[in-house]
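The letters A, B, C, D, E and F name the chains in turn, as written, and every chain counts its residues from 1.
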């Protein structure tokens, strides 16, 4: 039976496990989902350079999945999204793109909770390429050091503070978690901010399952494939 | 058991039947879908005035569905979308909004096949409100009279011609069908144009099912409900 | 003699009286102005749902004015603006649209003083549909409860504070009052902020009188009328 | 009694006479209107260089009008618009800016009929500064040589052909005449294209009269005056 | 031998000397650079009116330079930029335009340090005409009075404070000095903010030298010259 | 002595030779320029997948240049631009970005001559990320097959025809050659279209030399380096 393949392009199994848990409610849709860790990836992706260097092994890993019905690239930043679309006719969804498109249906201005400040220019380039900057309320980083990010309580507190700042200073009425693997905080964050919160792997898997079931494909299929 | 309620705001049962057929593949996701015709609606919605006048009865029809898990408003133009979000905490998806957000993940510039030329300014206002005009390749009408629209062959031929014009003159690499109830033409249109084609009721129902399963809600819920 | 008909779509006669006083200086232009209250409207319009539900009775009220030379819809949010344009060849001006177009000639970035925070997403959708978001400095709510809004002094103080915040934090150099019926505060607000202040019913009536005198019409006339 | 001063910055009295005739219907508003020709201006303004060189004498001419209640700069291109606002607290309206703001209330996408192709980049810079490029359908030149422009029939025919091209190829649903002094063609052009046509001096004078009567001022007043 | 002519349109020789020093490193490129002061200019340009009034004498000064290989207009605001392009086929670079285009290659969102608050609307109109407002983080003035601006220490302190505010509040990751003649502060400002700083006369001269060497020209040459 | 390193990320020495010839006039600026071919690259880059796969070897090649003063990535599409900025504090210029920024100073709307139609969505994503889509007139492909592209005459004819189409149908007043290594056609193309033509490697090298001489750096330097 064909599977939706979710690739975590960093090498952290913990993150992959978080993704697997996040998408559990969508297993009832009847299409099996397999979450993979890219062993060649860095522990975490902190720069465009690291992101770009995951593309070659990610493409190889994707190609090796003979039973694929579609793919999700599970790194906020969508490294290799269009490259993979050049490689396969199957649906390919990036979690950043899917999160933004979902957020646009839930509120008028979206705020993004970035893990690191260095990610923000990457996000802005991506939102510009998507043509949705007019809907962006703000993109703010947690402001935590690496040590603090390892502590769940500090991380959650910082996410709530950042979400409230996006709501109160920037005018966001919907939030996007700018990372994979933290879906377990979604409900608390919604509660604490009073805003809808988009967890990007959930949005991406949901969108991919729909595209698979509806037999949809993307534009690259038509132009780059033989 | 809770249902996704799909409301066709015009009074044509044929259109509702077309919607019902269009979303059939998504029934396997396990959430029951019920498609309703708004008996108070006009035969077809051709102006903003007609669209706006469907809102009051549509809101009443929606409210009367005690087993609703969420709603899809199945008219390209999304009449009453935000009004219904003010009325309920449940997911509410408009087919125009869902079609656009889906198209943005399938190609870089979307083209819209409008049934009537008078719809185009309405579409443009909506795309402006969505903040996605920078991704629009073009929005073109079929150029058929009412009599011709009743003939499936003429309609399909005009859709293909319009789709090719959007591709060749306007640079579209993904197409949106700007109407409900014509999903049966989707595969032929994809074949004839070589482009992905988004059928809006399919996209909306797919998106709504995901939001229901993931327990998501929208911003209006937070601010306008008691 | 033909009249410009100004319709207040909420049922508050006090608001209608405020509009009537606001447009008094424009009576010297020689075209009679008649201000009507929509008795079927809510006391005040606080949501998109309430706004949309005024459209049907507003259209009927407009149609009943046999001596109309043109119309102004006097609710910031312009409910039914395009629907009324579908119904009549006469000039139809919305106060939100007119206020924005006027503000764009008076300063580079406009700030909007919203009565309620829940109105802001509605405003943003409208500004997006108008294609003018690049000129928006900010849209901020007074932050008053219903009781406070009944007290003129508290309202005026909050308007001044909000106007100053828009000027100092957001960079507005022209302000728009995001409501009808408060023209009496305009001069004080201009004095206190040092910025031009656009009162939307004044702008709309001024624009409508010009269109009537110049025998102008709108695009819907051409396409939707028989 | 205070007058609205309309300055034609080219030295053609014929153009000034055309403006005077265009605004005749607005004389009934009760504020006297005086149309002046800038004797130092060129015969016609065909480049940014020519436009910029009219600013110094225009500012002097404006200053010399002791009975001014406000000003209209009657050249499509609005030379010196912001300079004059720096010089006076009185309302100052440019015909290009006023035409655009008026067109935005009459249709969704405006088309501009330019006299000369070299004007188009100037227009685009101005529309960009106004932040309204998202509403522009197209800007097309008549394609006539100087000799042809002297013949009314050829000019009108070219305006009609250009207007139809803007409507049919570019999707305009409202047209702007990109020049002063040709209001006599407006009705015919509306008839021939089926679209509303904005004559810019009419729009500007109408807007200026409203601002005068309502005692409105612009942002420069506040910041640049002593 | 042909020279690049740099025109300071204000009459301050100190500013011209500052420009001359700023571009010294670029003299090694082998094209001689001559910096001129416009004696007819005001001491400093503080309004659009002052800027516009420099155009006529600036065009004359430019024309008088028989050995020109190209021009730089060295006032942030680029007065007469397009007028001079209408006058000559040679490269013409404005320091504002060049600074922005350079900044766009160095960071994702640029912040502008304005000398005076009244300049900001002028800047925004220019950025709008350039079509780059989506990349603007913010434009903030030093907040100094004329007396303070004469003191280098106070000016530098204010530039640093403003640069940090642009970085921390507005999200700028590259800064533009919104004035000519202050290149001596660039290194300190980069150090203090940790951001790249664009000095506009340096960027403009660098760009002009490249265009001269590569024998490039601009669009106006083609359309407006005989 | 430090060199500007120009990396052609495809493996065609002919293209590298073309680049070397293109930038010859800029050697007089006194900074040595070394053009390298990426032996690991494909013969030509035709898809996002191919572009992304050049990044890893390009980064390694760049790192191996011990005498680098700065870098130019010489593929229209700028693969690895931001990744290389993450790797080095030295100036890094992409030819696509530099070409666009240069074109924006030469005309109001730029047209892009693409070699292959499949490149256009990549270009559009890049222009969106740069925030300059409002200045794009059009992006059109030559419409040649691989065999034809090997024939210089057919290629030049197609470039001229495409340039004229961009000028006449799309309103471009400046053209960008969307490829490296074809500078030899620039003068003929300018002559045949009457428009300025930007050759991207020339623009990039010119910009990089200025940044090197002025000791400029980019934002990534600050945030991602130790």
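Please note the rule applied: contacts are C-beta pairs under 8 Å (C-beta built on N, C-alpha and C of every residue); 3 or more make two chains touch, one makes a residue touch a chain.
All of these numbers come straight from a predicted model, not from anything done at the bench.
Asker: So which chains are sitting against chain A and chain F at once?
Answerer: Both chain A and chain F are touched by B, E, going by the contact rule given at the top.
Asker: Let me spell it out: compute each chain's centre from its C-alpha atoms, then which one is farthest from chain D's centre?
Answerer: Chain centre farthest from chain D's centre: A.
Asker: Write down the chain pair with more C-beta contact pairs when E-F is set against D-E.
Answerer: More contacting C-beta pairs are found at E-F.
Asker: I want to confirm something about chain B and chain F. Since they are copies of the same sequence, is their interface symmetric in residue numbering (over half shared, so same) or not (under half, so different)?
Answerer: At the contact between chain B and chain F, which are copies of one sequence, the residues are largely different (under half shared).
Asker: Just curious, how far off is chain C from chain B if you go by their C-alpha centres, in Å?
Answerer: Inter-chain centre distance comes to 31 Å.
Asker: For chain A versus chain E, what separation do you get between their C-alpha means, in angstrom?
Answerer: About 41 Å, centre to centre.
Asker: How many angstrom lie between the centres of chain C and chain F, each centre taken as the mean Cα position?
Answerer: 50
Asker: Centroid from C-alpha atoms only, then distance chain C to chain D, rounded to Å. What do you get?
Answerer: It comes to 26 Å between the two C-alpha centres.
Asker: Give the residues of chain C touching no fewer than two other chains, as numbers and ranges.
Answerer: Each of 107-108, 121, 125, 128, 130-131, 133-134, 173, 219, 223 in chain C touches at least two other chains.
Asker: Can you give me every chain pair that touches, using the contact definition above?
Answerer: The complete list of chain pairs in contact reads A-B, A-C, A-E, A-F, B-C, B-D, B-F, C-D, C-E, D-E, D-F, E-F.
Asker: Where on chain F does chain B make contact in their complex?
Answerer: The contact residues of chain F facing chain B are 120-121, 124-125, 128, 133, 139.
Asker: Per the contact definition, I'd like the list of chain E residues that touch chain A in the complex.
Answerer: Against chain A, the touching part of chain E is residues 107-109, 134, 171, 173.
Asker: Would you mind writing out the residues of chain E in touch with chain D in their complex?
Answerer: These residues of chain E touch chain D: 46-53, 55-56, 59, 80, 82-87, 117-118, 121-122, 125-126, 128-131, 133, 219-220, 223-224.
Asker: Which bits of chain F are touching chain E when the two form their complex?
Answerer: So the residues of chain F touching chain E come out as 25-26, 28-30, 93, 97-98, 101-102, 104-108, 130-132, 134-135, 173-174, 194-196, 198, 202-203, 206-207, 209-211, 213-219, 221-223.
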